[in-house]
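Per-chain residue numbering starts at 1, and chain names A, B, C and D are given in the order in which the chains are listed.
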Amino acid sequence: MNPANYLILSALLFTIGTVGVLVRRNAIVVFMSIELMLNAVNLTLVTFSRINGTLDGQIMAFFVMVVAAAEVVIGLAIILSIFRTRRSASVDDVNLLKY
Amino acid sequence: MNTVPWLTILLIVPAAAAVVVAALPRRHATLAKQLTLAVTLAVLVLAVIATFAYDPDKAGFQFGQSYDWISTFGISYSVGADGISLVLMLLAALLVPVVVLSSWNEVDGEAAGGGRVPAPTAVPDRGTPGGSAGGAGPAVDVEGIGPVGGAGGAGGAGGVGGGAGGATAVLAAPAPARPVTFPPVETRGEAETPGRRSVPAFFALLLALEAGMIGVFAATDVFLFYVFFEAMLIPMYFLIGSYGPVKEQAQRSYAAVKFLVYSLFGGLLMLAAVIGLYVVSADNLGHGTFDFATLRQMEITPGVQKLLFLGFFVAFAIKAPLFPFHTWLPDAGAQSPTGGAVLLVGVLDKVGTFGLIRYCIPLFPDAADYFAPMVLGLAVVGIFYGALLAIGQRDMKRLVAYTSLAHFGFIALGVFAFTSQAGTGAVLYMVNHGLSTGLLFLVVGFLVARRGTRDVGAYGGLAKVTPLLAGVFLLAGLSSLALPGTNSFVSEFLVLVGTFTANKPLAIVATCGIVLAAIYVLYLYQRTMTGPIVHPENKVLHDLSLREKLVVAPIVALIVALGVYPKPLLDIITPTVTATYADIGKSDPAPTHPAAAHPVATQPGGHS
Amino acid sequence: MSADPTLLLAQAQKITPPSIEYSSLSPLLIVFAVALIGVLVDAFATRGARRVIQPILAGGGFIAALVAVAVLHGRHAVLASGAVAIDAPTLFMQGTILVFALLSVLLVAERQLDSSGGAIVASAAITPGSKGSTAQQTSADMQTEAYPLMVFSVTGMMLFVASNNLLVMFVALEILSLPLYLLAGLARRRRLLSQEAAMKYFLLGAFSSAFFLYGVAFAYGFAGSVELGKVADAVGAVGKNDTYLYLSLALLAVGLFFKIGAAPFHSWTPDVYQGAPTPVTAFMAAGTKVAAFGALLRVFYVAFGGLRWDWRPVLWIVAILTMVVGAVLALTQRDIKRMLAYSAVAHAGFLLVGLAGTNTDGLRGSMFYLVTYGFTTIAAFAAVSLVRTSDGEASDLSQWRGLGRTSPLLAGTFSFLLLALAGIPLTSGFTGKFAVFQAAIEGDATPLVIVALVCSAIAAFFYVRVIVLMFFSEPLAEGPVVVTRPTLTFGTVGIGTAATLVLGVAPQPLLDLANTAATSGFVR
Amino acid sequence: MRVDPVLLAATEPGGQPIHYAAASGVFSLSWLVIVLPLAGAAVLLLGGRRTDRVGHIIGTLAAAASFVLGLVLFATLLGRDGDDRALSQHLYSWIPVNGFQVDVGLLVDQLSIVFVLLITGVGTLIHIYSIGYMAHDPNRRKFFAYMNLFLASMLLLVLGNNFLSLYAGWELVGLSSYLLIKFWEDRPAAATAANKAFYMNRVGDVGLALAIMFMFATVGSTSYADVFGAAAAGVIGYGTLTAIALLLLLGACGKSGQFPLQAWLPDAMEGPTPISALIHAATMVTAGVYLIVRAGPIFDGTQAARTVVVIIGAATILIGCVIGCAYDDIKKVLAYSTVSQIGYMFLAVGLGPAGYALGIMHLVAHGFFKAGLFLGAGSVIHGMDDDQDLRHYGGLWRYMPITWVTFGLGYLAIIGFPGLSGFFTKDRIIETAFDKGGTSGYLLGSIALLGAGITAFYMTRLFLMTFHGKPRWSSEGPAAKHPHESPVSMTGPMVVLAVGSVFAGGLFVLGHSLQDWLEPVAGTGVEGVHTFSPVVLTLLTLVVTAGGFAGAYLRYQMRPVESVARPDTEVSLVTFAARHDLFANTFNETVAMRPGQYLTRFLVWLDLVGIDGLVRGSAAAIGGLSGRMRRLQTGFVRSYALSMLGGAVLVVGALLLVRAG
């Protein structure tokens, strides 16, 4: 099967993730969408590594996962503190800073 | 070639003094004044000595000095004096002490004429910058919800009305051109207590300004010139903004900002041209340089010349100012303290016209040739436009400012007529205008100080009460309408006759401008000094005080002296101007039918 | 379907451990070590002790790293099997970052300004509104984790400018960003704003880094490697599907533009700058810009240098957008930190102008500009933190009325800094502008320069506005008080201002430094 | 450089420049003539109140001294032989710029010395007169200072040896005239009149200035020697010469109150009467005539310009006479008579060399009798408590005999009573006008003749209404008047002037004394054929004059004079027009003033709303844009993300576009 299709798939996933960031209100979900984007990239990397016939892509994917994990830690901490303050995880509620 | 670094000394002395004075604590006001006066007088003396050390017949710059500054960009600290810059430095050195003396009491509020402080103007205080207009004061801190930029409603309506108001208010400020009439009332109490305005700071600013003015004329490195050109703005800006009319906070900050932004705008365009010049030099000579002498030898393709010329020209046209870049001048002129106005119109604006003849023409001859008709046109328009507007003013300081617009028209005319007579006349005009308009501003300042209003309507019949003041006023006016026997006549006639030989129609039109000059001067005099005294409070005004006499005396003397015997200055100016035009291949048109056996340049009295 | 195992095996045998030149990496390593030690200190030292040890530790680490950088000067090599490049520009920017970090540490360590202990919250965990939250506003202790976080972030920045490999660059990006996300949320006062800033910064940052990463992937897909040098070679080569190439360039650019706060990726800047604790804001404004620009320069010059004629137009568009947005929007700001944020955006635009020259002059100019801007902006934010009301900083412009009358020294200094930002001669701001614009005109980007100058005129207007406010209007009845006790912050302001002045009057030495750095160029 | 074709047309070899002998001996002191009164003015002005008590003495002495010096110079000149009476003195180099070399220098020759004597002589007399006239004025010192200043300026005007010095004097007399007209500054009318005078003079000055520029552009110098040398040599093209001449004429008209710039002169009567006598009758207003005579070499070269001069002269004669008949204000009538008399002079000098001397003769004679008349009028006004209305006078001869006599002599002189100065000078002018020959000769002659008649009419009217008939004033009641003779300090000068006006003309004409004296400067007219024999013409003139006299006598002596003028509604159109200065002011206002005011208002508006509005508008626009743009910063993370996405799309799109293109 043509690996290019995986690229298309990952592109779709990436787009879905992007759209998710744009349309979802809940901070957690938004964040998950971002993770989705990262994983879409992982898929791309792996696919390319397949296409190029080198392992680097796959190794990179691992790097990305690690980084993503770190991001999760930070992200959740921040979102949690916000949630505790406002009793809401909606990203639309936090807009004191504007204009 | 004498080796005394006159210019550097002239630069350092006031600059250093500025720092010292600024460092003085407020309570040492008198010390600050005395120190400033002493220093400025010293500078004047130095300048005069330098003038004597100057040899008019030697070509090129004298007292030259040059040290590398930013070698990466071929920038150097290099100064030098030629006939043009020397006389202008002299003018600056002369006017500053005069101004210092004239502003002796201005800052301490005494200037408001026996406790007379103008009551707040009728115009609404819309000009207060900083978006406080937006009404978003310090917001309540409900558990950390601190003052948020444009929180809530302020953000809403405030967007334009408030927030934008904050920004635009300064520029959308009430146009002071609407006659600022405020009945003088005893309002010491609610008037801003004079102590608020730091006296040392004021005089430090004056000194800084002097250093800047000397520097801008002395610089022979284009970059250095630009640096002074811009740096000079700051002290002037503060002079207008914090020492303008006490009660007109809105208008004065409006005027100050307008002045600064206008000048910065021009300056930035010039910066583009300056950098362009550097790049061109880098391409032509291999290594970029800002050295004026080198640059003027450089051949630039006409197309590029035009662009660079425009860059410089607009900056200078705003500075000078020429029609239609002038609208900042009336505001600045009206809102600056008297001393500031004198220096602003007397010297600072000369930087514009100076730049035209020093930089625009020698550096970009082809472009100068190409644009000359445009400039001449603007100049002539300016002559009439300024005069007519001056006739139409009721605010005396604005009026004087507009007259300057007309005078700058004459100067620009002379500069771009490309004949040595017109050019010399123009340069001399710069000096003379500094004296005559300076004196006008001083006298107007005296009146305002006595009466607390700039509105012509508040005066009338003063010649009876204050004959001396009226006399000086009239003399200043006569000088500004270029009556023979006063300094301005010589320069104005030179400009006109020089222009005439090159371009008859233009000169004829311009000459008609002298009628308008008579009207705006004498009409002003008539409204203020003659007729019956209508306002009782004018009956008690006192005539010139001794200090004021001392202030005007030197200028009055010079006005007459230079009118009767301008030769010394002319001898300094002429060679440089002639060289400048010869440099770009312009020579005076010969008389069409010279009287036979009439040597072209008669030695004095040769034909008598 | 799955990869052929023999192939994997064959490669597995070929793997050789890369050689690491520890000496050349010493700056990075020092700072990294310091960060780790900091964590340990936080774990074991007592509260009081931490507050003393941490700043000293961090500061010392930075100084040591700075020394190391100085020692390394002239090194020009690709290290760690192509992961890291140590060359003149790298060292220049690493040094710059370290200096700014040092200054910022002073600000963070500041305790005199307030009745309480400085700008960092006592305990971020306590929710605002709950009981004790008001108590902690005045409590004497602070979240000392801030220091290690800063150090980590600095590590990331230094790696960011040094990375010669897109993946490393991504990692560095995260290392520098993640701590900043947290730091943004640590303001002692106005917790809500602080937390909001943190969240916005985090979400958007993560979003952008996703783009960046996607770009990395495409680069890999195009060149078969993520080493800048290899990518560059691939660009040179023919017959490849360069859609990937352009995609990767675009997406990488998006990530980097976000970091430097270029329009239309700037929207986080004002909010975060306003919400974050002022010391952190200063640190971000100065440090992040340097780091992001370092990376940007490296990517554009080294990896995609061959495409410069293709990315120039894009750069033009972004630069113009950035300058206009920054200058125009700052006009109507009423919060001073917010205004400075927009001015930061505008300055990013000016920097891009220098980059648009696409020549060594541009490189030199940008690096010089970064230094000057960093000093000025840190000093400016520090000065802001000195003007306080009962509830913390008086950041609302209207509170600054007449400050020139009540406390002329501070107002004067601040005005000077503003004028520097506006680019008035005899300040470093002017020299910097001159440097980048000269490069741009040299590189036939004159129209861009004209736009830049018009924008500077507009920008000048709002800087001047503040001066008008401070000097030409009447002081408020109960205006903010200005802290006069000599403190660390004063040090920062002083150093920043001095640098601004010196770099304006005698910029030659630094220019020489930048010049040598630029001419020796990037290693690849 | 651009050269206009006319100039190219005439390029014959240059002629010989005129050379004046260098001043030596007493002439090297001629600068004192100017400096003395100037010093007087300086002392009085700078001295301030300290010199109040002695002010008038100093002033008068200064004037007298310079008169004496003038006499000495004159005497010395007489001693020299005819063609060696022009001495030029170079004082110092004034404006030297390469080709443009202007010196301050003096030229004492037959023409200028005549003026020196007239100015200083009459001037001194009027100084003396003023001592009495201004006795009660608190600012008498200033008055004398200004008068001295005027003398100095006027002397500079006539003594300068180049056109720029002349121009300097020209504008300075304008200044002194301005200062003296508005001497009573608290009278708005005075201030206005002064400004009007200055403005209209400035219009003339523009002409003079342009003429000088033309000279420099053409000849490369402004000194009489070079300019006249070139003009005489005929190297200057006709067009240029005419242009210069006409521009000079414009200047002359402005200064001498000739049509179309005559309107300021009557208003100038707002000034103190001695001023009207000195400046606006005897000396300054005749400067125009001096200019034309001095520039004779130029005018000789251009018939066209000369024609314009005569036309203006003739027109002005009539205008002056007609209006003179209508006014009831004694000084205004005299003012208009001045206008018309100067018209005669213009007519004369317009006739070329033949007329120059006549013009000067009439000028000098006029200087005497008109000054006398004004002083007399001043004395009357003085006696009638500053009432200037003829209709409030009557039968005054009994109360102020000396004034009556002196005034009477002046009156007879001006109407040309046989034997008195006016008789000789005016007749000669009329005669020469006819001698011009052709239709134009007849036309001009008859105009001059008619003018003589009307002059006789209105002067008689003036004289009778003032001194004869029933008193139209009462010595009782609220408006009680007690006419009385003036002090000797005032009557003295009047007597002297009266004597002058009686004999001056005779002295000049007998044996052409003045004409011969002036001959080297003014040249001499060829004794052409007489259209009428002088005798016939004289008789004719006498008849016409008698007619005018009779008319006035019948109307104003035989029939009583109403003490109030008939309102405009009942008088004939001519009278109405005359009373309104033939609508000169109306014309000026509608053509120049009003439009100017509207233009000014418009420009003020334009500057504020237009140009400055543009600036402020653009600023406001940017501010508004900013205000609108900050709306985009909604504070919602998701919209930020959207903008970022948009940016990403933009960048990607742009790059792919570049790649495609």
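The rule is simple: a contact is a pair of C-beta atoms (placed from the backbone, for glycine too) under 8 Å apart; a residue touches a chain by one contact, two chains touch by 3 or more.
The structure presented is a predicted model; accordingly, all values stated were derived computationally and were not measured.
Contact count check for C-D and B-D (C-beta pairs in contact): higher for B-D. Ranked by separation of Cα centres from chain A, the top chain is D.
Distance between chain centres (mean CA atoms), chain C to chain D: 80 Å. The distance from the centre of chain B to the centre of chain D, each centre being the mean of the chain's C-alpha atoms, comes to 38 Å. The centroid of the Cα atoms in chain A and the matching centroid in chain D are 96 Å apart. With centres defined as mean CA coordinates, chain C is found 43 Å away from chain B. Among all residues of chain A, those that touch two or more other chains are 21, 30, 91, 94-99. Looking at chain B, one finds that residues 145, 148-150, 155, 159, 163-164, 167-168 touch two or more other chains.
Within chain D, residues 619, 622-623, 626-627, 630-631, 633, 635, 637, 641 each touch two or more of the remaining chains. On chain A, the positions that touch chain C within their shared complex are 1, 7, 14, 17, 21, 27, 30-31, 34, 37-38, 40-41, 44-45, 47-57, 60, 63-64, 67, 70-71, 74-75, 77-79, 81-82, 84-85, 91, 94-98. Chain contact summary for the complex, chain C toward chain B: residues 128-129, 133-134, 189-194, 270, 274, 331-335, 338, 389, 391-392, 394-401, 404-405, 408, 419, 422, 424-426, 430-431, 433-435, 437-438, 441-442, 446, 449-450, 453-454, 456-457, 460-462, 464-469, 471-474, 506-508, 511-512, 515. Of all the residues in chain B, the ones that touch chain D in their complex are 150, 155, 159-160, 163-165, 167-168, 171-172, 175, 177, 258, 262, 324, 326-327, 385, 388-389, 391-393, 420-421, 424-425, 461, 463-464, 468, 471, 478, 483-485, 489-490, 493-494, 496-498, 500-504, 507-508, 511-512, 514-515, 518-519, 522-523, 526, 529-533, 565-567, 570-571, 574, 578, 588-598, 600-602, 604-608. Here chain A touches chain D in the complex through residues 18, 21-23, 25, 30, 91-92, 94-99, going by the rule given at the top. The touching residues of chain C, when paired with chain A in their complex, are 1, 3, 7-8, 11, 124-125, 127-129, 167, 170-171, 174, 178, 181-182, 185, 191-193, 195-200, 202-203, 206-207, 210, 213-214, 216-218, 220-221, 224-226, 270-271, 274-275.
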